[in-house]
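Read from first to last, the chains carry the letters A, B, C and D; within each, the first residue is number 1.
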Amino acid sequence: MKYPDKEMFNYVLNYFDELGIDLDEIAKQAVEHQKKYLPSLTLEDGHKRIYAILHKREVLNNLMTAIALDELANKGLLPEPLQSVVERDAGVYGVDEALAIANSIIAGSIAVTNYGFLDVKKSKVAKHLDDLQKSGKMITVFIDDQISALQAMVEGSLAHKKETSSFDEDTLY
Amino acid sequence: MKYPDKEMFNYVLNYFDELGIDLDEIAKQAVEHQKKYLPSLTLEDGHKRIYAILHKREVLNNLMTAIALDELANKGLLPEPLQSVVERDAGVYGVDEALAIANSIIAGSIAVTNYGFLDVKKSKVAKHLDDLQKSGKMITVFIDDQISALQAMVEGSLAHKKETSSFDEDTLY
Amino acid sequence: MKYPDKEMFNYVLNYFDELGIDLDEIAKQAVEHQKKYLPSLTLEDGHKRIYAILHKREVLNNLMTAIALDELANKGLLPEPLQSVVERDAGVYGVDEALAIANSIIAGSIAVTNYGFLDVKKSKVAKHLDDLQKSGKMITVFIDDQISALQAMVEGSLAHKKETSSFDEDTLY
Amino acid sequence: MKYPDKEMFNYVLNYFDELGIDLDEIAKQAVEHQKKYLPSLTLEDGHKRIYAILHKREVLNNLMTAIALDELANKGLLPEPLQSVVERDAGVYGVDEALAIANSIIAGSIAVTNYGFLDVKKSKVAKHLDDLQKSGKMITVFIDDQISALQAMVEGSLAHKKETSSFDEDTLY
C-alpha cells in the first residue's frame, strides 16, 4: 500500500481553490518580503520553492490535518466543547498555531519567526481568510495559520537558497 | 463568554474513562520512572502533578483536539485521504507525534525526550491503547501519543519539583 | 548540591543591568500590546508576570545559555567559524531564534507567534540592543531574541490569566 | 562574504574525529533500527542519508553551537553558574536537549520521538561519549544529545525515503 502523497497534495490544492487561495500570490509576497535582503530574487524562485515545500510529506500531513479540522468545524461535526471554541476563534486556543509551528519549523527556526510575524500582521491572503471567518461564511481557524506558515517557509527557504555558500558540494560529498 | 476549561477537562476525563485509561496508573508509572533519581517520591506526588498538568489550558486544548481527531476517525468522519492514513496508523504520518510534542514541551525539553522514549517503548497504558487499535475495536492514533506525553510531563515535572534549589523565593520576589 | 536557580536569576538580571535592559519597560510594552484585547490590564499585572516567568528554571536555563554565548562572543572566545558567524549576525544562522523559541514555547504556542512578531518588528528594548550591535560596541545576537521571547511570554501569560474561565479550581481539584 | 558551510562541516567532522565518533557506526545503527520496518535497507542508504543531513545548514548551525559549548566547558571558559551546571551534567538543565530537539525536528516529528528514545536508551556511540564524561576526561553534555539527534534524523529520513509513495513527481511538478 502506497502512502497517499499525491492524494494529500490534491486534497490540499483543491481546498485552496475552494477558498480562493492563490499560491502565486503567496509566492509573490514571500519574494517581496525577502527582496530587501536579496534583490535578485524572481517570482520564478518563489514559485519553485512553494511547490517544493508542498511536495514534502510532513508539510502535507500537517496541512491536511489542519484543513480537515476546519472542514469538520464548517459542518458542525467537531465534538463539544471543541466546536464552540473553534467557531468563536478563541484567542487562547493555540492548537492552530501549534500545527503551523510544527509545519514552519521544518524549514528552520527563521521560518518560525516569519510565521509569527505573518500571524500577527496578516498577509493579503490571510486577511481574505479572516474576512471569510468574520463574515460568518466559513471557519478558517486552522487554514489561516497554515497559509502564514506556508509563506514563512517559502521566505525561509529563499533566504537559505540565495545566501552564497562556502560549500562546494562536488568536492565535499 | 467564559473559556470552557472545565468542559474541556470533563471531556478529556470522560474519554479517558471510556477507554479504560487510569490516571493513577499513569501517575504511578511516572513516579516509578523517576524514583531511581529521587527515591523519596511518593504516589501522592505523582497524583498531585498529573492533576496540576491536566488543569493547564494549553494541555487541555491539545488533548481535546487530539481526542476529537480519534473520535471522528472512529466514526469514519475524517475527510479522505486522512481517514485512511489514520485507520492504518501509517508510520510516516507524524501529526499525532507533533501534537504530543507540542503538549510535552510545555513541561520543558526533558519532558519531550521522556515522551520520545515512552512513544517508542510503550508504557502499560499505551500498550493497552495499542491493543485496542490492533484488535480493530477503536482508533487510538492520537490518544496513544497524548498518554505518553502526559506521563512524560508528570516525570519532567517531578524531576523539577524535587531538585533542591538555591532559590529562596521569599527574598527574591 | 543545590541547583543554582538563584545564581542563574542573579546572573541574568546583572546582565540585563549591564546592557541597560529595563524589565519594567518590557512588562509595560507587553501590557500595552495586550490591552486592546484586555482593557483592564495594569502595569502591576505585567510586573508580576515577568517576575513569575523569570523564576522558571527552564526559562533561566535558556536565558543563561544565550547570554553566555553573547558574552563569549564579546570576548572573541567562540571557536571559529562560530565566532565570525555571530560577529556578522548572519541572517541564516538561526540558533539564537531556536533558543528563543525553546523559551517562549514554555508559555504556549501563542507566545511563539508573539515572539516571531517581535523578532521581526523590533520592540523598543530590542532596538536598543540592535543599536549596540550595529554600533560595534557589543554583540547582542542571542540576548536580542531572548528579550523578544520574554516580552512574548509575558503577553501570552497575560492573555491566559485574564480570559475568564469555566474552571472552578476549588471544586475540580 | 560567503556563509561558512564548508568550514562548519569541517569543524563538526574534526570534532567527531577527536572524540572518536564514527559516522559509519551511527549510520549502521540507524539502518539496523529501521530494518524491522524496512528489511531492504542497506548500509549504503544510511551512509548517504547521514551525509545529506550533515550538509544541511540548519543542522550544521545547531551542531556547531552545541560543540562550541562543550569545547568552552572543557576549557573552563563558560561563565558561572553555567560552567558548574554543565560540569555536573545536571538533569534539570535541558538546553542540550532543546538544541537537539531543534535539530531533529528539521527531519520531522518522528525524528524527535526517535531522538527522545535514543537519549534515554543510550546508543553505542552515545555510551562512549557518556563514558568520556563520567571518567572526567571530557565534557560531552551537548555533543551527546546531538549524536542521538543525528541518528534519529537518519532513522526518520530512511523511514520517509523508503515508504512507497503515490507521488509521481514528474507529472506533478
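The rule is simple: a residue touches a chain if its C-beta (ideal position, glycine included) is under 8 Å from a C-beta of that chain, and two chains touch if they have at least 3 such contacts.
This is a predicted model, so every value here is computed, not measured.
Note on interfaces A-B and A-D: more C-beta pairs are in contact across A-B. The equivalent interface to C-D, defined as the listed pair sharing over half of its contact pairs by residue number with it, is A-B out of A-C, B-D or A-B. Between the Cα centres of subunit A and subunit D there is a gap of 28 Å. The set of subunit A residues that touch two or more partner chains comprises 3-4, 7, 57-58, 90, 92, 94-95, 98, 101-102, 105, 108-109, 160, 163. Subunit A contributes residues 2-7, 9, 51, 55, 57-58, 102, 105-106, 108-109, 160, 163-169, 172-173 to its touches with subunit D in the complex. Contact residues of subunit C toward subunit A in the complex are 37, 90-92, 94-95, 97-98, 101, 105, 108-110, 112-117, 119-121, 159-160, 163.
Residue ranges of subunit C in contact with subunit D, taken from their complex: 1, 3-4, 7-8, 11, 57-58, 61-62, 64-65, 67-69, 71-72, 77-82, 84-85, 88, 90, 92-95, 98-99, 101-102.
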